[in-house]
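Two complexes, one shared chain (chain A), two partners (chain B, chain C).
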Partner chain A sequence: MALTTLTTHKTPSGFLLPSIHSAPPFFTQQPNPVSQSAVTDHWINLILAYARYRRLFILRVEDAETAGSEWDEILRNERIRHRMPPSHLSTILAAMVQRNVAAYESPKQTRSALVYWRLPEEWADVLHRWAADTGQLNTILTFYDITDPPLESPLSGIPVLLLKKAISILSKSGKAQTISIADGEGVRFFAGGR
Partner chain B sequence: MGAKQSLPKVTAQDKAILDLKLQRDKLRQYQKAIQVVLDREHAIAKAHLATGQKDRAVIALRRKKYQESLLVKTDKQMETLEQLVSTIEFSLVEVSVLHGLKQGNEVLKEIHKEMNLESVEKLLEETHEAREYQREIGDMLANNLTLDEEDAVQDELRQLEAEAVCPLFVFKLRDVLNGCSLAGPGRDRGTTSPITACTDDTTYARDKFVPTPYIPSEFTYILSSI
Partner chain C sequence: MALQRYASVVDGTIPIQALLYTDEQLLASQEGVGIYDGLQKSPSHQAGIIHTTSHRLFYVDNKDPEYASFTLDLAYVSQTEYYAGLFTSSPKITLYLTGRGLNATVTSTSGALAIPGPASDPNGGTWECEVCGNKNRNPPGHSPSSTQVCELCGVPRPTTSTSRISPSHHLSSSLPSSSIHQPNPITPSTSPPTTGRQSSTACPACTFLNHPSLRECEICGTKLHPTLSVPEQRTKSAPATRPTSPDLDDDDDDDPVIGSERKLMKVSFRKGGDKPFYTVLKRSLKSKAWEVPTQIYKPSTISSQESETNATNRSGISGILRTVETSAQGRDDDLKNALQDLEALMIKARDMVRLAGELNEKLTSAASSSTPTPTPTPPTSSHSPSPSPSLSNPTTPSSSSVALSTSTNPSSLHELPEEATFIRSSLSQLGLQMTNVPVTNDMIKDEDKWISELAKELSTVLKGMMRDRGIVALDEVWGGWNRARGVALLPPSTFLQVIPHLPHHTSPPIHKRTFKSGLTVLHTPPYTPNAFSSRLISHLITEGPKTTMEVAIIEGITVALAKEMIDDAEVRGDVVRSDVEAVMIDDDGRGLGLGLGVGEAGVRWWPNLFAGYIWDGHVFSEEL
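And then the complex of A and B:
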């Protein structure tokens, strides 16, 4: 049996993988619940850090099934010829949802989830700050204006589902108002009283 | 709760603006799609050229050209749409500026109502009158004496001073005057004033004075006023 030394590894995208990522047991589901919970903790930290680094929003069980997804760098380790089995990823997704660092994209399935490397409350804050900083308070914005702004913003590429959650949080404190017409939806932000 | 109530109502204007913006988004997405087609046709033309099918490559390039013309057209439409949106938004700003001006004007009017020209004039006039009155009182109190009267006042003052300094002397003088007639050298004799003559040597005046019919000219002045 080859002796593998555990070292950190820098991926092509520049992300620094922790040393545990080169330990084969890390990828397999542990029968012992104590060791499994340790593995889960590590996986959740790794997934959140990587998602934040690459600005990834959605993690699917499918990402573990086929190669070529944007999560390959952490779900696969070719140096030790190991990969994350879909069932294990499914378990970890469930743990993430339970800890409120992820939410299933639609409540009726467990195969894809929004990864909260920022909580919806934090996104609401980012969203309001962006609108204020770019002078777009009191202006009607379409969701497309926010998710695909002409200039790269902290909100570029945010899934509409997450955006809606952030807006509904802002609406509760009177800082946002959604407007819907037959053709679609828009939002208007206000300076808001605290 | 309160925050929710303060949200502005969604007006028909707002909906119209949202509608325009959504149309603009659609154009943007359409442009994205065209760009994808453009790239694809370009790749197809390249692939055909590589396999030597020149006429097919030309067809792909023609399609690409057509898509490009569409892109230019949508660009123009987008410009019009965005101009419209900006114009509407700018007009809304103008409306709110106008509203602000109106309110400012109202306030100014309200203030002016309390401060009309007549009342200001009246107030100024009253102030002027009061000042005038005050000045008159002052004048009356200070300047109502003629020059002659002033002279008399000064004389009285001098006499009082003399009395205060040497009352005994005056008293004796009176005695002297009772016993003899005024006779003496002319008034021009001596240069000292009666007051200084008195103060120079008051002890003499009190204790060593010897009645004599001679009265120095200095005292005649005092005597005359007794």
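And then the complex of A and C:
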């Protein structure tokens, strides 16, 4: 068989997969460090793009082990019958953590990570702008108010862990303050000295 | 009875091994046997052990070993019969005995056996040499047949079938005393003439077989024994002429009934073991260890061991085995000798090499001392690479260099270098290349030439080896080259030295290439990393991904070699791999149907798609 020209592919969810995703070597961990770094680069791009597209925050090694996860569209390619081996995904996760585009969910394990398709600093900006735009400055908000607002926001569904990181960044510059309230923690945003 | 007549008492309390002659071997033993003397059971020999040796049968009684045990010479046994046993009757071996027996002249009414004393064997194993008259005696512990050569003059005992049981002994010496009791029918006058049986007469001195009618030996002139044709002299001590066959005695018994009874004996095996014992006994009877070869004349005294060897050599399986053994022994010895020679040669060769080295060293030092103060300029001129005319002579490459190094001193040039050159060139012609000699300037020049000559030779070898393949492993080349040389084989170190010179002598140039694993090959230009990679990539692009095996087939090289080369291409980033691990396997195992191997064999090679790839996936139009 002649080498088929690789083409892009649109997933059912509407995401445009890159052409490289239909090349089997893309799924294999390359022993050559140069080749592997190229593979890793492209995978990180793909993962971040897909996470952003689907608003996915957590990537686990388990997602590569069994079918049926929300990452299936990129971790598996039914058309060429290839999938991401878990060991390869684990390597890529490590590379992402190292490049600070992801962080392990808890520091003592390497099986699941928060995917920073926005960096915590960017999230902090988004958060503050949202609070300002919705007129909730100087108001005490629970985390639930932020992660699950009645009105869809860019912050809908954000993991609490990531939210806390963003708040802590804001509080460093005096734009937010965490407050202990009856049912857990709350936060109050300030206009801040822009 | 048979036992009285043929058997003699032994002390059964003595271990059987101690009773044997030195040239006698114990072959088999069986316990739980009884003896029939004639047709009747012998009451005193009903439970005991029977042993068979190469010469005799021993019966050791259980109840009364000291007095009821006996021994029987196998020489008496003319025939055996085997009876397998039936119901309560035990298996038996019947021995038919012939000859006069030990105690034929002793009449005894008691059931006890005759005790063999000096009287029963009057000869006592002695015989008189025909030539010198020396009375020879068997050494103690040897079987009667072991000494067959006169101790004094070395002439063999002059009987054709010498054995102690020959009735002639009894006739000649013991008869006069014993004839009182039992007159012997064979008297010298009545014995039938036997001259017809003898076709030739052996000379007592030189053993040449003369015509019977001759009186003197044809060869040495010794007077032949006249007994052959003169019957009355046969009674004298001339055993060769006597009827040795016991058959003559068979019909001399007074009573045929008693005679037949006397002449058989049965061994009843009450506890089995009859069959193996019988086999051994038959073999022992067949090999006739008690007979000795009289036809083989040995100038020196035959040792008992030798005589036995000769005796056993003659017949049966044991004879064949013996022959095989001796020939194997001989081969072994020859081989050992040959190897010893080789070892000696090796040691000598080492000495030679060392000597050559020392010689060369001395010559070098002498040459340098003979040129005490060379001016600084001449040596540089001698170092110049321009070859002197003599350097073109390949047989004496050292002569030129010596001449070069000593050219600064014209006075010594004609004396010492002459010899030095001669010795060195002869050393090199002998193939004694010096390796441990300090390498001097001239030596290096020599070696360069040598190496380049070798490179030329190797290039011709390679032309054959690489005729239809462009790549060949280094070990194969080395082996092939040395095989082609046949002599003066080259060590790998020299081989490695030669390789860098190869491209100058080969077209297309052949280069060395070492892979990651350490495998080193020689290859033609199409197998340089660049050439191979580009060829491989174009293959992969036009024909799709390939496994290592497929590449090996396309390239016509071994799989291991293909793997090395592809691995190299991978390291260079020319190809990337796709593992089986990444292939989806359905529940019904359909993924395996692609004919994929496992591990390395399942890897498919792709051109490097990642280098220069530009993202063509999802692009977010607006920044959130």
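Throughout what follows, the second predicted complex is superposed on the first by the 186 of 194 C-alpha atoms of A that agree within 3 Å, B and C clash if a C-alpha of one lies under 4 Å from a C-alpha of the other, contacts with A are read in each partner's own complex, and residues count from 1 in each chain.
The rule is simple: a contact is a pair of C-beta atoms (placed from the backbone, for glycine too) under 8 Å apart; a residue touches a chain by one contact, two chains touch by 3 or more.
In this text, all values refer to a predicted model and were calculated from it rather than measured experimentally.
In the three-chain model built by superposing on chain A, chain B fits alongside chain C with no clash. Using the contact criterion defined above for the overlaid structures, shared-chain residue A:Ile181 touches chain B, although it does not reach chain C.
Of the two partner chains, chain C is the only one touched by A:Arg52; chain B is not. Residue contacts after overlaying the shared chain place A:Pro154 against chain C, while chain B stays out of touching range.
Of note, the Cα-centre angle with chain A at its vertex and chain B and chain C at its ends comes out at 160 degrees, rounded to the nearest 10. Of the two partner chains placed by superposition, only chain B is touched by A:Thr142; chain C is not. Once the two structures are superposed, chain B and chain C can be ranked by residues of chain A touched, with C on top. In the overlay built on the shared chain, the residue A:Pro85 is in contact with chain C alone; chain B does not reach it.
When the two structures are aligned on the shared chain, A:Arg76 is found in touch with chain C, with no touch to chain B.
Of the two partner chains placed around the shared chain by superposition, chain C is the only one that A:Leu16 touches, whereas chain B remains out of contact.
Contact with chain C, but none with chain B, is seen for A:Val34 once the two complexes are overlaid on the shared chain. Once both complexes are placed on a shared chain A, the shortest Cα to Cα gap between chain B and chain C comes to 28 Å.
Counting contacts by the rule stated earlier, no residue of chain A appears in both its interface with chain B and its interface with chain C. Residues of chain A touching chain B in their complex: 139-142, 144-145, 148, 173-175, 177, 179, 181, 183-184, 186, 188, 190, 192-193.
Residues 1-3, 6, 8, 15-21, 23-32, 34-35, 38-39, 42, 45-46, 49-50, 52-53, 76, 78, 81-85, 87-88, 126, 154 of chain A are the ones that touch chain C when the two sit in their complex.
Residues of chain C touching chain A in their complex: 540-545, 570-571, 573, 576-579, 581-584, 591, 604, 606-611, 613, 615-620, 624.
Note for the complex: chain B touches chain A at residues 2-4, 6-8, 10, 14-15, 17-19, 21-23, 25, 28-29, 89.
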